[in-house]
Structures are given as structure tokens and as C-alpha cells.
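Only one structure is covered here, and it is reproduced in the block below.
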Amino acid sequence: MAEYLFLFMAALVIASAFWVVFSPNLIHSAVSLLFTLFGTAGLYVFLYADFIAATQIVIYVGGILVLIIFGVMLTSKIDSPSIASSSANQFIGGMGAFAIFVMQVAVIFNTPWNIGSEQSRDATVGSIGKLLLTDYLLPFEIISILLLAALMGAALLSRRN
Amino acid sequence: MTFDEIVALLDTKASGKTSVIEGKTVISVSPENWSEISAILKNESKLNFDYLMCISAYDKGDNKVYGAAYNFYSTVNNHYLEVRVEIEDGISIPSVVELWKAADWHEREAYDMMGLKFEGHPDLKRILLSDDWEGYPLRKNYKEPDYYHGLPVPKDKSYWD
Amino acid sequence: MTSIFDSLQESLAFLNLDLFMLLSLISLLGGTVIFLVMAVNALVAVYFERKVSAFMQDRLGPMEVGILGFKGGKKFWGGIGQTLADAIKLLTKEDILPKSSDKFLMILAPFIIFSGAFLTFIGLPFAQNIVISDFNIGLFYIVAMSSVGVIGIILAGWSSNNKWSLYGAMRAAAQIISYEIPIGLSLLLVVIVSGSLHLGDIVQWQETNRWFIFHSPFAFLAFFIYFISTVAETNRTPFDIPEAESELVAGWMTEYSGFRWALFFLSEYANMLIVCIVASIVFLGGWLSPLHLINIFPESWYILDGPALGFFWVSLKAVILIFVMMWFRWTFPRLRVDQLMYVCWKVFIPFALANLFFVSLWELIF
Amino acid sequence: MEANLVDKSVIETGEMVLNMGPQHPSTHGVLRLKIHTDGEIVSQIEPVIGYLHRCFEKHCEKLSYEQIVPFTDRCDYLASMHMDHAYSIAVEKLLDIELPDRVEYIRVIIAELQRIASHLVAVGTFGLDVGAITPFTWTIRDRERVLDLFETLCGARLLYNYIWPGGVSHDLPPKFIERTLDFLDYFDPQIDELNNLLTTNKIFIERTADVGILPPEVGINFGVSGPSLRGSGVNFDLRKNEPYSIYSKFDFDVPVGKGEMGTIGDTWDRYYVRVLEMRESAKIIRQACAELPGGDVHAALPKKIRPNAGEVYGRYESARGDVGFYIMSNGKNIPMRVKMRSPAFCNLSVLSEISEGWMISDVIAILGSLDIVLGEIDR
């Protein structure tokens, strides 16, 4: 059962990711990203990372994807429902992508995966919270300062004059 | 001020350029003098006609002479004046939009319905009828078109029967 | 806390199905239950809203349509079948797709919005054990899922190829994303105090201590911030600017008709129910009986307090909150879009943040 | 932190033309507004009118003076009595006749009732424009009572054809005065209720105060009249300034905008002037009902009205403002030219001027506060 579901999720992620790249319409790409992100959230659930899965949805789907769609709409004529995407430098891009692909495959086959039996875990929220406020406090704070700076920058940009 | 006082004042300011229509309390102005007289009506502090109530275009019925009747009122001095500017077909009347913004739409209506041209109007185009309408419907010699955009115009009830 | 999912799994064990079949069957059953809840909720809530508005506006509201010959007469129940008739009408109506719209997205959008509401219901308890699936991070899950719908709204507005729809979508996106923050911050208060994201635990906390709204003055304020923000989140008056009828015709729904419009409607009322149930669980003691608030009733009354009546109490609290939302709608004019943003960013968020700080202090001191 | 920190040309935004109407919930009829917007901010508005043009003025040149009355009804269909009254006054001025006292009193009572009815619609739909639905149903409920009165009066509820040149079509029905007074007793508390629900509502004030300010001199220059001009603090009401009919006999005030909630001449002021005017109208009706004389309801007129050659410009204070009928006669029984000066026509022309820089929502509120009726604008 779990296997089928995993395969379904993985297929969803890959297929929608393909469509993100190949769709001729930018908005369709962005919508396709919705399914990719959802599928990724599903994969997190398989890793017993329920909190991360929910975070994935609230931040990526509810926040960043909305931002992306806004961005796409603002880059072109906003009131026409066909925003075409075109690709330039296909050859160089293809080469780069291929190189990364080869690298990833190499990494996958060279990593000593620790495959064990299925195990269930308790809620992860508590431990995430503890880790964030103890071991990883500095990165956490740095990220919040970065976000604050981004927030102020956005406010500055959007202000007239 | 009464009508006679207004006429007397206008005579001192612009002598010979206005005349009183016989038997009526109406001033008649020729189109050449109209821009001068209208400025006096608006700016002379004793007259101070700040409120242009109405511009009525009319057709004398002889296919030649058309006129515009301006009804002025002063909200400061509470007096009233009617001025007429009569023209022969084809001659334009100086626009008074600069002095009274209310004249904007009234002059457009007069143009639309009676075909009076107002010189100096910022945007003299049809207001009530569609832009491609032919003829000026309130002229006495106006003939209803037989076709409008290729559709027959129903002229009597038999059309529906 | 057991969930419907678990209990179904137990009670269907006699069928001796393999796990895959069993889980599929249970998922299907659970989905049907949610869909029924949403549909019945929409039917009842729309009828309720019409009657409430009629009452407030010196009208009678629907009086003609009945069910099976029962019309309700000239009482409050007159026209009891009206919403059912409307639902049937909507389902049989022509489905119009404008010629120059983005058809794929226009068809997809209502389903995304609907899924947002639908998925939220999975983790939403109606009473102690009446929840489709009991999540450890229930509260966070609900917040996460209710943020999915906004994508559907943007897509619906944009794909219609109508400027009014686009305005509605832009306004809706800005509004919903903004108001998620005060909602999240108010709920975080509860999480800090009760120490859990699990809705059962939160109610448990309230049982051993007191209703959350009476926890501290800050919690009381948090409830109001939460409630008003949810009114904005569900796009209801006075925050209905995304579909402001007198300005944007119908906002992002302008070009929709028939069944897909019905989905919008369904999700809208479902969202209303969701936020009100969350409010009643998180702040108003959930399935705890309010009789405990004042201990003056004879012992025998506390029979009303048993688990069977949990559903009743949750619904009662939610219905009261829904009524308040309707009351808002038929009383207030609409805010302007900049005023709406002002209320969110300059009033609610600072207050919610201060609230968070003070409630943490409160917890440290007391 | 100066502007040159950001290169504006990179993120420049374009202007969008938004077509509001002719089918739109809050254009109060078939009005079309071409709105040039930058985001929500309106930079320019071009009203496009004429969708309801019914050639009123051309019809008038084919009809006798009596036959025109039903057409005037249809100009301002929310204040038909005012249109009839205005036209009748102009024709009577042209004929130079005296009317029986009873006619004048009846006309004043009816006209003020009509003003209440019309302002109720204006106030209610204005609430609707800013999103408050309940005040609309309440005002419509009260307007219904006025329409009921008119129905007993002449059988019609919208287009009355009641006030004719030289009189009214028939005398008041029995108990009309009692019923009118009953209505007024009922109506006074309703205004307080409306004020509680809408006028003093915080959101309503936020939406309307300081929005769409019409300075008095701009209003006068654009020919704005009626409550829309009085909202700017201009004390200009033809019933006081140039009393026609018998208005000089009555004691009433002319409410003007005082800027209580914001600036003088804002949208709230224009709204509130209408609310106050309803009270003043009630005051006039009470006085007129108390003094109503007996007598005939028709002046002695020949069967065919045939004025001498000449022209007249009759002014009248309708619910929307200064209605003018410019009638030119050439001595026949049909007029040579009838020009109607429509108050809403002039009021609408100021819309673009006062709504620049405001948001789309504000434009709706400003348009609502001008209280236009398209039947009258397009004629």
C-alpha cells in the first residue's frame, strides 16, 4: 500500500516538474509547480516529517507559489490569459542541465544509503523546536535577520517616491 | 441687478457689441463678439455670472439660422440673464468652456443634436448619440435614416406586424 | 482520541480485505462524509443566512419552495426547500466558459479552491472522537490547508480574462495572505500556552484549566483578532472587497456559472464553518459544556456534558459564531482595500505580536 | 533613502483602461465609465452616456403641450412628480396664468413627498454602493409607503402623469391628508434609525468622509446643483433663492454640508444633506397640510394650449437639483423647441474632476453620492 502511494507521489512530482519546464505557458508552469510542491509535501509525510510537510504547504503553496504567480503576471501584460514562455540558449542550458543530472546520478549511486526497516516516530514538532532554539539558534537568527531585511527592502521598493 | 442695469453696464464695457432683442429680456451677441462678452459676464464683479445653467441650441426652421441660448445665473448677486448667439449654418461659435466648465457637455450636446460647432472646445464630439451617427437630429430638416448599420429602421407599426 | 479513520478500520476488519482495499474503502467513505458535511452545511447555512438577512431587513425571505409538500407556512421555516431547489438549479445550469479564457485553468481553479476546504475537513474535529483523521499537528495542518485555496482564487480571477475578475483575484490574494498572519499569531498563543498543536490536547488543556478565551486578557484579545481576521479570510462583509458586488460585479467569480460556481459557494460556506469550528475548539472550549463555566447547576444537569453531546456543543458554538458573521454582513458597509490592509498590518499584526509577547510573560510569571 | 535608489524605469507600471458599465451593479443605470487606472488608483474617468437616449426633445417638437407631460415623467423616473411640476411651471409661465391656491398646495405636498421618496432611494443605493445592504431595504420599505400614497392619488406608482399644466389631474382622494400625516409620524423615527445604522457607522464614515471633495467654486463652475452642490456648503436652493409656486410661505431650512466628519464637500456631506432634506420636506408637508385650502384643482384653460410666440426658461428644484425647461413657442399648439436642463447631466460631468487620484471603490462612492438618474441624463 505505502509503496503504491509513494510511487504515485513520486510520479506526480516528476511529471508535474516536467510540465513546469516544458509548458509553453508560464502560468501553466506555475500551476504545475503547485502539484510538484504538493507531491513533495507527500514525500515528507513518508519520511514521518509531518511538520515539515505542513510547513511545505503553508510556505511554498500558500506563500511562495502565490508570489511566483504574481511575479509572472506582472512581467507581462497582466490582462491577457496567454503568457508564453520562450527559452533562449537552449544548447548551453541543456549542457548545464545534463552536467548536473550526471552529477546527481553519480551522487545517488555513490551514497551509502542507510536502508532499514519501517519505523514509526512520535511527533516531530517538539524536537524541531528544541533543535532550533539550541543547536541551530545562530542560523535561525541569521535567517530571521535576512527575512527582516528582505521585508524592509520590499516595503521600500513598493513605496512611491 | 435688473435686466436694464445689466444692459447698461454691458454698453459701457463693450459698447455696440450687444443688442437687446425687441420685446424680450434677452441679449443678442454676434459670434465674433461672444468671447469678449462672455469674459465680461464672467469676470466683471458687478455681473459675476458664475453659474451657466443651460445652453439650448435651437433651429429657427428656415434651414439657415441656428442659435444657442445661454442662460446665466449669478449665485453671488442672484440675477439672471439670457444671451443668444445666432449663426448661419457652418459658422462656429467661440466656446466658453474655459470660463464655465459646465459648458463642456452642453456644447457637446448642442453639437450632437443641432450641429453647432464650437471653436476652442477641447473635445467636441458626440455625447448622446453614437460616434458614427449621421446628421443632427434636432434640426427641423432632419430625415430619419432608412438604414442604420445595415438594419432597416422601423418607421411605423406595420414593421412589427 | 480515536478518529473515524481508526474506528472504521477496526469495524471493517471483519471484511478481511487486504490493506490496500481497506484503506481505499475507508478513504472513500471518509471523503463522502466530508462532502456530505460540506453540502449540507452550504444548504443549511445559505437558508439560515437568507432568513437572518430577511429578519434584519424587514423581509420574509424565501417563503414558497417546500420539501415533500411541507412549506413551513408563514413561520420562520417557510420556504425550507429553497436552497435545495437552488442547488439543483445550479447543477443543471449551463456551464459557460468565455471564449478567450484560459480554459484549462478556469476548469481547474474551482477544484483547487474546493480541495483546500475539503482537505481541511480531514483534520477538523467535530467532537472528541469525531474527526476523520487525527493529526498530531492538527492546528498547523488546518492553517496550512486553508492557505491552498488562495491559489485557486488567483487562477480563477486570472483565467477568466476579465479585468474585474483580475482585480478581485489580486485583492483576494493580498487580503487572504495578509490576514493569515494575525490568524497564525493568535493561534500560536494557544499553542504556546497549551504546549501542543494537537486539537484534542488543546481541549484537554482547557478542560483541566479553563476555556482559553478566559485564560488571560491577552487570550481574550487574541480571540477577537482571530475572529475578525477569519471574517476577512473568508471574504465576508465588511471585508468582502474581493467580490465586492457594487465595485467588482462579483470579483473573481464574475465569469463562473453553474456547477463550478456552486463549488465556490460550497467552499465559501465550508470555510466559514471551518474557521468557526476552529474558533470554538481553540478558544471556546470545544466540546466542553459551557455549563461548567458557572457551577450553579444541580448535579443531574451535567449529563449534558457527556461525550455524545460534544458534537452538539461544538456545533452550537460554531453556529453562534456563524450567526455573528452574518450579523456583521447585514449591518456593516464594506471597507476600502487600503483600509483593509491598514487594519491588518498596522493594527492586528502589532497587537497580535504584542499579545504573543505578553502571554509568554504571563506564562512565565503565573 | 531617495527615489533614485530604485530605478523606476525597471519597475514602471502601465495604465489600464477599465470599462465600467453599461452593465454594472453600481452605475445606477446604463452608464458607462471608461476608467483609466494605475492599479486601484484612478487617473481619469470618461463618462460615456446616451445609452438611454429616447429623443425626448425631438418628441416634444411633435406633441402638443399637454401630451408632453407623460414624457417628462419618464425623464427622472425616481422623481417623476418633480419633472411634471417643473414642466408645468414652465408652461404656466409661458401662458402667464394664475393657479388656484389648492393646486399649489397639493403640488407642494406631492413634490415634497416625492423628494422624500427620491432621497430615500438615493440614500439607500448610496449605502449599497459602499457595501451596506440593509439600509437599502429599509429605505425602500419606507419609500413604498410614499408610493402607496401616490397610488391612491393617481393609480400609478412610478410614472404619475398627475401634475398638468394648469392644475393637477384630479383632486386628492379622501383621507389623503390623514394618511400623509400618518406616514410622516411613522417616518421621523425611521430617519434616526437610518442614522444609527448607516450615517454614524465608523466604517461608513471612513469610507465617505474626506473622499471626493467637491470645492464649492468648482461645483458652481461645473453647474452642479441640488444636494450635491449644497453638500459643498453652498446655500443655494431655488425654493429659497427664487421661490416658485408657494414655497415662500413655508418655514424650512436649507441644509448644507458642514464637514462634520471630514472636509466640507466630501462624499459624506453630500449624503448627509439628503438625509437632512428629508426632515425639511416633512416639515413643509406638515405646514402645507395644515393650511390646505379648498377650491378648484384646475385653472381655467382652453382645451388646446396655444401660448403666444416667445420663450421661457423655467427653473425648478428637483430632488437632484436645478431642472430647467427652456421652451420656445411660435404660437402654435406644439412647441417649437423644448430643451431640458437636466441636473444629473451637469452633476455627472464633475465626476472626473473630483475622483482623480481616488481608488475604484471611492469612485463608486462618489458616483453614488452624486445621485444620478440616467433617464434624466440621456433624456
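To keep things simple, chains are lettered A, B, C and D as they appear, and every chain counts its residues starting from 1.
In this section, a contact is a pair of C-beta atoms (placed from the backbone, for glycine too) under 8 Å apart; a residue touches a chain by one contact, two chains touch by 3 or more.
All of these numbers come straight from a predicted model, not from anything done at the bench.
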Output for shared partners of subunit B and subunit D reads none
Components of the contact graph without subunit D come out as A, C | B
Here the gap between subunit A and subunit C, centre to centre from mean Cα coordinates and rounded to Å, is 28
Whole-angstrom distance, CA centroid of subunit B to CA centroid of subunit C, is 62
For the pair subunit C and subunit D, the C-alpha centroid-to-centroid distance in angstrom is 44
Cα centre of subunit A to Cα centre of subunit B, whole Å, reads 69
In subunit A, the residues touching two or more other chains are 78-79
So subunit D residues touching two or more other chains come to 16
Subunit B residues touching subunit D in their complex are 24, 26, 50-54, 56-59, 61, 69, 71, 75, 78, 82, 100-102, 104-106, 113, 126-130, 137-138, 140
Subunit D contacts subunit B in the complex at 49-50, 53, 55, 57-58, 61, 217-218, 220-223, 234, 236, 241-242, 310-311, 313, 315, 322, 324, 326, 328, 330, 336-337, 339, 341, 345-346, 349-350, 353, 378-379
Listed in rising order, subunit C residues that touch subunit A in their complex are 19-20, 23, 100-102, 104-105, 108, 112, 135-137, 140-141, 143-145, 147-148, 150-151, 154-155, 158-159, 161, 163, 166, 173, 177, 180, 197-198
In the complex, the residues of subunit C that touch subunit D are 53, 56-59, 163-164, 167, 237-238, 240-241, 244-247, 249, 329-339
Counting only contacts in the complex, subunit D reaches subunit C at residues 16, 18-19, 24-26, 40, 127-134, 137-138, 141, 197-198, 201, 203-204, 206-207, 359-362, 364
